[in-house]
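The block underneath contains the structure these notes are about, expressed in structure tokens.
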């Protein structure tokens, strides 16, 4: 998995709560072959899973991607499956992560739902 | 001999910087004086006795005679044994970042694991870790040309990335694996890795790196001959040729 | 009509933006890209300061918010002051002062983008140039792990591939564009040559290129990072044949395996190319002033990011003092997040640490960080509603203009408000103790 | 404020060690005043030090910081009630610069090289340097507009551009670095001498230097051109120095000062054909200065240990980096300049370094008139400015020089004449070379002296000039100079025995030169075209806004108006 910037994600990155940002960032790009082999179609979702977490995203075919690679626009959805380890130099591994991909019927969480489990907890 | 024990009163959430905990600093002091040395926790300067219980033989003593035993959770306590020239620091458990940095002599032994930057810029003495070591073991500080210059490090477990970066001397022995870029910019030190590693010896100009199991080798290393060491076969490489380096990289052949 | 305004979106800092203002509102934006227009036109804003009461954010006055923020910072043994990439240098200066005053750690969003580039530069230095130098001279441009077509839409027209200058009158036609990436991006589609490398192989590919450029190709194996030796030799020859070459690099290389070592190696490649021709290299900075916070922090503290002021004297060590390190280790007990959305942009587990500590947010816009903040302070948008200085991706300082008025204070004013409250509360406490 | 009973060295006013009281009122020296008394009885008193050539602010200084965390950590001092934190040795943070100059008794320092395009950055940093007064010289030597005016022999347009550029940069004077070389470096080349044409521009370095020197005098600027020669740092470059100096000898100065100030002469006084037969040519250079009066120089002394080289001479830095295999930063500035930064360590046992060390001292000792030689280290190129006391003591003590010589590479006596120089400078010489002369050379009328009306900048050292034997007690002298007993800046006691007591902001000087509107109009046609076609920013966003100089002091110059200062 790699995460990175896209034009639409960039345009929405200062309005994170908007539906535009949701549309722009809660997606997962797959190679055309992978897209087919998972029997996906426009609007279908995929579940991405690794040791750090799991997230459901809208699947999108992307001719520019090689097989066995997924691309997710940088942002809160991608970050669910990024680990906290900084490898000694301060920056988490946002790219080059192993992830399992499967088609799913589960819905994509919107940004509020995504963080609903992460409310303010009991610090003093 | 003088032996003292410093026990952490609790596990620290905010890390503690305790460069005063070294034989050189403690040897000339009484137990009471030791308790009133400063340590830092975040922006709070505290007395050592606020966070730790100090017990043992009263001082003073020479640095060589000094043994400091650390018990309790020291995994968030940094800079233990910084700049020590002699004596012994024995950590019973794990230790925080920068333990033994700028160490010149003596023995630092850690029964658990060590966090990043252990023995940074070490010049002499010995460090032994029974568990694992973090990133930048025996490395230099950011932007410096030289890391460890002398002394000996042994890690029974594995080490993190950038092991011995900018190594200028001394020897490092890892029984387990090492992370990415072990021995980068090695300028004359010796590294032995019992397990595997990834892209060792990048930009090395001198020194030797031996990897017993597997290593992804850079395309700028020249494959030379197969050599036998203690009955095992190693593929020898010369490099790093990007900088016309004269380093030696040995990677085990077929051992598993 | 305001002419030649500076866009405060990305590190390009386009300064040819014309803005029509009517009745105190932006009516139309000309010359800006979609990213910049959207920002200058304005959109959903936080309207009032808020303080969390009984678990819910409730409206409060600015003074109440400053006082609560100061109280949180003063109570902390290790507060983190994070963000700074989308605000002015003037705000950064006050932020650094605040970090010194409260004994905190100040870090910028560079920590999750070009932080590794900074460490690489510490190893090798940065052979760079202003963007105009590239525009006027470059006949060969390499985009490595970056995708300006999406992240910096006007870069190519104003400064790189398609720009025209004194020695480059033909623009795109007179240039060779090479894109190195793991996927075929929009930028790659417009290149003369797209080099697809295997993920995480940047370092090896660069080492191979260094060998080939130096005429030591005999050592290089037939395949490096999924690229054939013949292909690499071809690229090396193109680089050497350039009259003026420029390498732009992005997160594709800083975020991948190898991190700062990738940059370190690329810097060496460029340095070595200068033995044959002229070559420069520069990072494609994302947020419009992520360069500026680095500059201000460097001249103020000696270090460009991740500066720990807890002991009074600055200390720097990304991997230890960077925001993600501290949060991952839960080694902070309060946070001020300004001009950044840490909760969205950090790995989930890192962001979760913010939920455990009191957070102060200063931002014009609501975002996930707002949801777990204790204090929320809305501000004017720099470059639209407030003046200030920003540094372009090539290190050039420009003055951002104020285009319309806002009833909200600027980041700088808010930080001054918090600083004053810190002084006030400290004095009060000293008096009580006396 | 009254400074009581000091032994005052104020050579500009003919005072060479006289016991007297000094009076300061409202920041200026006056005939009589009341107020706080500073006890200076029997102690060495001089005007505040003036550094006319130092790299203290701007992009390349900050680049030095960013690429050198290893340097930053060496000078860490925590913040205090008065001070912001300090870091760094060769590339200190802004605060440390102000505090460290003030501790040494210095109250003024000029940044030696700023491209117009990046002047905003320079002023951001200058403003952040506390206590001392500052200014920045503006780079013109590889500028397209300059070269085109020179090519077209349009001197009045050139003068209009210099005036416009100084105003845009809020700059103080005309700096020329490796003229033409910065442009050539745009395609990775360099110019090899003053008559080597600049590629694509049909001008030579000699023509650029002459044009700018003439424009400088047309504009009646307070400072002369400030020149970093071609071929700096190369064996055999003394001939370039002599050729260049000779070029300028017949220009008429518009004011009572030099026609050219030579930056860091040490780096341009080399003989030999390679590093192998490298040797000092300081005696030849000194001889030229002794026989001519149109040029002044600063030493650019090199000291052993750590340095960070930084200069607009970018090809030189590339050479340095390749030679020492060190990290290298380069920064080209579109249409204007190039620059580079390389960390460096100078070694006693390395023959080239040891000869360089001797060359600087030879120059200062062989030039007879101290008004022609400024004491500098070209901070941080030769050494950081905190080592000025080391340089001063070397100049004052033959025995110290001999002791140092004994530790150097054995070939040094064969390559230099330093061992045979008996001269030991006295306090008058030092007061001239560190105060009076830099102020006069820069054209700062209120600096470098203690006469009525001068700035209330006074340094008082814990030394009794009538008792101390500077020749023998050099260790004592060095210690006293490192931390002035008192430093007074603008009438405020800012430092006492190394402790900073107050850190008021300093001022920034810049020169606003008037030119005929018709020339500016002709110029603007060229500039508008350049911005439309070549610059990467708009002309409207180019000039430094006043917001960046909240403590500006403007000095008026130019054609129609007489020289006058306004606050």
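In this document, chain identifiers A, B, C and D correspond to the written order of the chains, with residue numbering beginning at 1 in each.
The criterion applied here is as follows: a contact is a pair of C-beta atoms (placed from the backbone, for glycine too) under 8 Å apart; a residue touches a chain by one contact, two chains touch by 3 or more.
Quantities reported herein were computed from a predicted structural model and do not represent experimental measurements.
Participant: Of all the chains, which has the CA centre nearest the overall CA centre?
Facilitator: C
Participant: Hey, which chain ends up farthest from chain B, C-alpha centres compared?
Facilitator: D
Participant: On a C-alpha centroid basis, what's the spacing between chain B and chain D, in Å?
Facilitator: 45
Participant: For chain A versus chain B, what separation do you get between their C-alpha means, in angstrom?
Facilitator: Taking the average C-alpha coordinate of chain A and of chain B, the gap between them is 38 Å.
Participant: Please report how many Å separate the Cα centroid of chain C from that of chain D, as a whole number.
Facilitator: From the centre of chain C to the centre of chain D is 34 Å.
Participant: Could you state the distance in Å from the CA-based centre of chain B to that of chain C?
Facilitator: From the centre of chain B to the centre of chain C is 34 Å.
Participant: Can you list every residue of chain A that touches 2 or more other chains, as numbers and ranges?
Facilitator: Within chain A, residues 87-89 contact more than one other chain.
Participant: Can you list every residue of chain B that touches 2 or more other chains, as numbers and ranges?
Facilitator: Only 116, 135-136, 141-143 qualify.
Participant: Which residues belonging to chain D are in contact with no fewer than two other chains?
Facilitator: Answer for chain D, listing residues that touch two or more other chains: 67-70, 73.
Participant: Is the way these chains touch best called a line, a ring, a star, complete, or other?
Facilitator: other
Participant: For the complex, give me every residue of chain C touching chain A.
Facilitator: Result: residues 10, 34-35, 38-39, 43-44, 52, 55, 86, 111-113, 115-116, 119, 147, 149-151, 153, 182-186, 188-189, 196, 199-200, 251-252, 254-257, 259-260, 286, 306, 318-319, 321-325, 327-328, 341, 343-352, 355-358, 364-368, 371-372, 374 of chain C touch chain A.
Participant: Mind pulling up the chain A residues that touch chain B in the complex?
Facilitator: 87-89
Participant: Any idea which chain B residues touch chain C in the complex?
Facilitator: 13-15, 17, 40-44, 76, 97, 116-117, 135-136, 141-143, 180-181, 184, 199, 202-203, 218-222, 240-242
Participant: Over in the complex, which chain C residues touch chain D? Could you list them?
Facilitator: Within the complex, chain C contacts chain D at residues 3-4, 6, 15-16, 89, 93, 97, 100, 118, 121-133, 135-137, 158-159, 164-167, 243-244, 271, 274-275, 277-278, 280, 294-296, 298-304, 309, 311-316, 387, 389, 391, 395-399.
Participant: Under the stated contact criterion, what part of chain A meets chain C in this complex?
Facilitator: That would be residues 2-7, 10-11, 13-18, 52-53, 62-66, 69, 71, 74-76, 79-96, 111-112, 114-115, 118-121, 123 of chain A.
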